[in-house]
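Each of the two complexes below includes subunit A, the first together with subunit B, the second together with subunit C.
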Partner chain A sequence: MGYTLNFAVIWANLDKLLSGLALGLGLALGAVAMGTVIGLIGGFASVGPSKLGRRIAGAYVTVIRNLPILVIVLLAYFALPEYGIRLDKVQSFVASLAIYAGAYLTEVFRAGLVSVPKGVVEAGRAIGLTRFQISLYVVMPIMLRNALPALGSTFISLFKDTSIAAAIAIPELTFQARKINVESFRVVETWIVASGLYIATCLVIAAGLRSLERRFPKF
Partner chain B sequence: METFFSELWIARDALMEGFVRTIEASVVSILIGTALGLLIGIVLVYGPLVVRLLCRAYVDVMRGTPVLVLILASFYIPSVVGLHLSAFQAGLLALILFCGAHIGEIVRGALQSIPPGQTEAARSIGLTFPQILTYVLLPQALRSILPTWINTGAELVKASTLLSVIGVGELLLKTQEIVGRNFMTLDFYLFAGLLYLLVNLGIEQAGKALERRVAVR
Partner chain C sequence: MELHVRPLLQIQTLHKRFHDVEVLKGVNLEVREREVVSIIGSSGSGKTTLLRCVNLLEEFDSGQILLDGESIGYRIGGDRRRRLSDRALSRQRSMTGMVFQSFNLFPHLTAAGNIMLGLRKVRRLPKDEARSIAEKWLGRVGLSQRADHYPSQLSGGQQQRVAIARALAMNPKLVLLDEITSALDPELVQEVLLTVKSLAEEGSTLLIVTHEMRFARDVSHRVVFMEQGQIAEQGPPAEIFGNPKSPRLAEFLRSARS
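For the complex of A and B:
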């Protein structure tokens, strides 16, 4: 024992931690944006008429959800360059996280699509909308609203997963914290502050999502 | 392909060792984590206010912090307060604390979803609280948390890869070492991925079989 807390070094390095936090949020936003595109395609495919489409979407979800994210990240960062696909650290991490997120979001959107009442689709058809129009103007808004809570919790868990970027030396929050920890030996303080920053950010995101959910009442 | 199999044969002991470490870490953390989680869950519903608030804080901190941060914190912090843990022990500690918080929250949800009438009925026929817990509440709660519990098991197998960051020789670290020697990056990462996939699919199947067994008919 005999350890006295001294946060001076941490406050001196707070700018690094905060820029790491911002980078992490950026990684998560990039991944969730790309993942949403993948998830929408996967979600529509998994309830679609094509059997092959359903199979592929199902296999994608099963495989990716059962793989550790770190394996996907290392695979993308170290193995792809050997096959001529050169991405920098940030690009390859965002791509890995997007593929990972895409699997979870496929499930989220599939559940959202299933929750759209049949009646509104029939009503759309009755007033002469094409299938594409029904998907875009009738099904999508209802589905996105129903999927919003699950979308939000996926985003929060993705934000926490950005800590894994530290494993390929992307200077996000966890990487910066580890660096400060090793340089200053203010071990306890570093991890209290790093963890506090993650928790505070998660709480802010969660509060933002709740107010978004209130703004768009459930169908 | 031929070179892959010969390299695989050379690396078999290292891979096996890593695989066993991965399973060991996952099994130990799910078992102790579940016991901890049950306790936390019960306290979150029935505990006295102060203890309940402490458990609430513990659960929220664990759930708001990335697992990797938990692992790094439990790797670096114990030594400065005079507790010497090996990397594996530190990693286990983090996984157990993480698992305990998640299971605790799941158990809380399950306990609260049981109609209060059952507790009242049990009390009116003279059962004590421990009896109510063991004979009325827990059997129902445990059955309803089963699917999520199985899922947590698979999540822990995945999270155990993060122990490689603090130098625990589990499957992923062993794979990295092998790749560092033979440069067959894609082959060996895919092979490791395949092993994780198989383990998790196995857990899923075992979970489904277990659910069928304990289902109320």
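For the complex of A and C:
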């Protein structure tokens, strides 16, 4: 008959898997928050008046998008301490993921900024708003609303990418699953349950984002 | 009409070029307080560019624009002139209101929110005061019931009336209107023109670019005909429409009628 499925060990260790899942969500949230800040700076720089700013933003996006995320994570984890920058595992991983996400979000926000109608910006100037006020009260909200779907899918990708943290022994879901796997030899069961948890979580996030999108007016 | 020593708006030998094409070739125009002036002229004659220079949305190359005696856009000393700082430009822009052909409402704000943004961030009024001014102006343009609607929930004519309320709520000295009915379905044109007419009757100073000849004739104290970047003829509406002097204007009016 070969292999018989037996989930008993997995259920016994479910708390570990769930705490791994929670940690992964936390890592993704931290990364998306920092990545959004980086992406906003990069996005504004890439359409801004400063040529140097546009160059730096462009180079950043090009470099990061052509690096595998695992390489960025390992580079940050092993290379930064050589330069006296001491981050713990979690900090270094979140920073790596944020820098990675920041490059994608720079592109997302750049596209969002370009999509803000010129006439609407002029209407802001016409009533006497300053350049900064227009960015803050007119351009940003329109751009963020337009970027919301892309922001959501980035968050979901980031959540899945947290499995890479297993490579530097951060005890998130993939790490926990591997540990249970090694201890119990229940290969199939472990990865079926871990996969189910990833899929379920992504679906829940996606549903939450859809309802968030509905809450904001379409334009 | 009251007599004023000095016109509210003085445009003096204004020149403006885009790259190597001269679009405004020495425009002189004055508008007095409470006066309604319409600009007509064929496409490409520079009407929009002229309004945009007055509202400082475009820079210009030489000449001067004075609003209430104040030099607009540039500091002029001797034969040197310097563009004003962003902050100074913003302050001067808030002295004029602009209504655009394409409405340009802020899509993420309600009708009231559109009007309140300038009141709060430029005039720095508290929220409830800004809200009550917004409601007052929405009432004036017949949209009291639509204060909390987003632009996407309003018809074109309603959007344009919100845009008019947004410009006027700032209490500008001068309101610039650039073909504000051109993007509207024919059945919505009248409600917007009636709104403008009521503003004119209440004494707002208006500089209007329009293709609606009947409206220009109806609402204006003076009509200005622009041709190839210059003012070719101006006068009271009865004169301009009834007895055009230049052949170009006569021809323009013939083609506008058909």
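Here is the rule we go by: the second predicted complex is superposed on the first by the 218 of 219 C-alpha atoms of A that agree within 3 Å, B and C clash if a C-alpha of one lies under 4 Å from a C-alpha of the other, contacts with A are read in each partner's own complex, and residues count from 1 in each chain.
Heads up, the rule we're going with is that contacts are C-beta pairs under 8 Å (C-beta built on N, C-alpha and C of every residue); 3 or more make two chains touch, one makes a residue touch a chain.
Every value quoted in this text rests on a predicted model; they were computed, and no experiment measured them.
In the overlay built on the shared chain, the residue A:Lys89 is in contact with neither subunit B nor subunit C. Annotation for subunit A, partner touching more residues between subunit B and subunit C: B. Of the two partner chains, neither subunit B nor subunit C is touched by A:Lys16.
When the two complexes are overlaid on their common chain A, residue A:Gly128 makes contact with subunit C while staying clear of subunit B. Looking at the shared chain after the overlay, A:Val63 reaches subunit B, while subunit C stays out of its contact range. Look at A:Trp191: by the touch rule set out above, it reaches subunit B but stays clear of subunit C. Once the two complexes are laid over each other on the shared chain, residue contacts for A:Ala167 go to subunit B alone; subunit C is not touched. Contacts of A:Lys179 after superposition on the shared chain: neither subunit B nor subunit C is touched.
The residues of subunit C lying in touch with subunit A in their complex are 55-57, 86-87, 90-91, 93-98, 100, 102, 104-108, 117-118, 121-122, 150-152, 163, 166-167, 170. Taken in their complex, subunit A has these residues touching subunit C: 117, 119-120, 122-131, 133, 137-138, 141-142, 145, 217-219. In the complex of the two chains, the subunit A residues touching subunit B come out as 1-3, 62-63, 66-72, 74-75, 78-79, 82-83, 160-164, 166-167, 174, 177-178, 181, 185, 187-188, 190-191, 194-195, 198-199, 202-203. Only residues 60-61, 64-70, 72-73, 76-77, 79-82, 154, 157-162, 164-165, 172, 176, 179, 185-186, 189-190, 192-193, 196-197, 200-201, 204 of subunit B touch subunit A when the two sit together in their complex.
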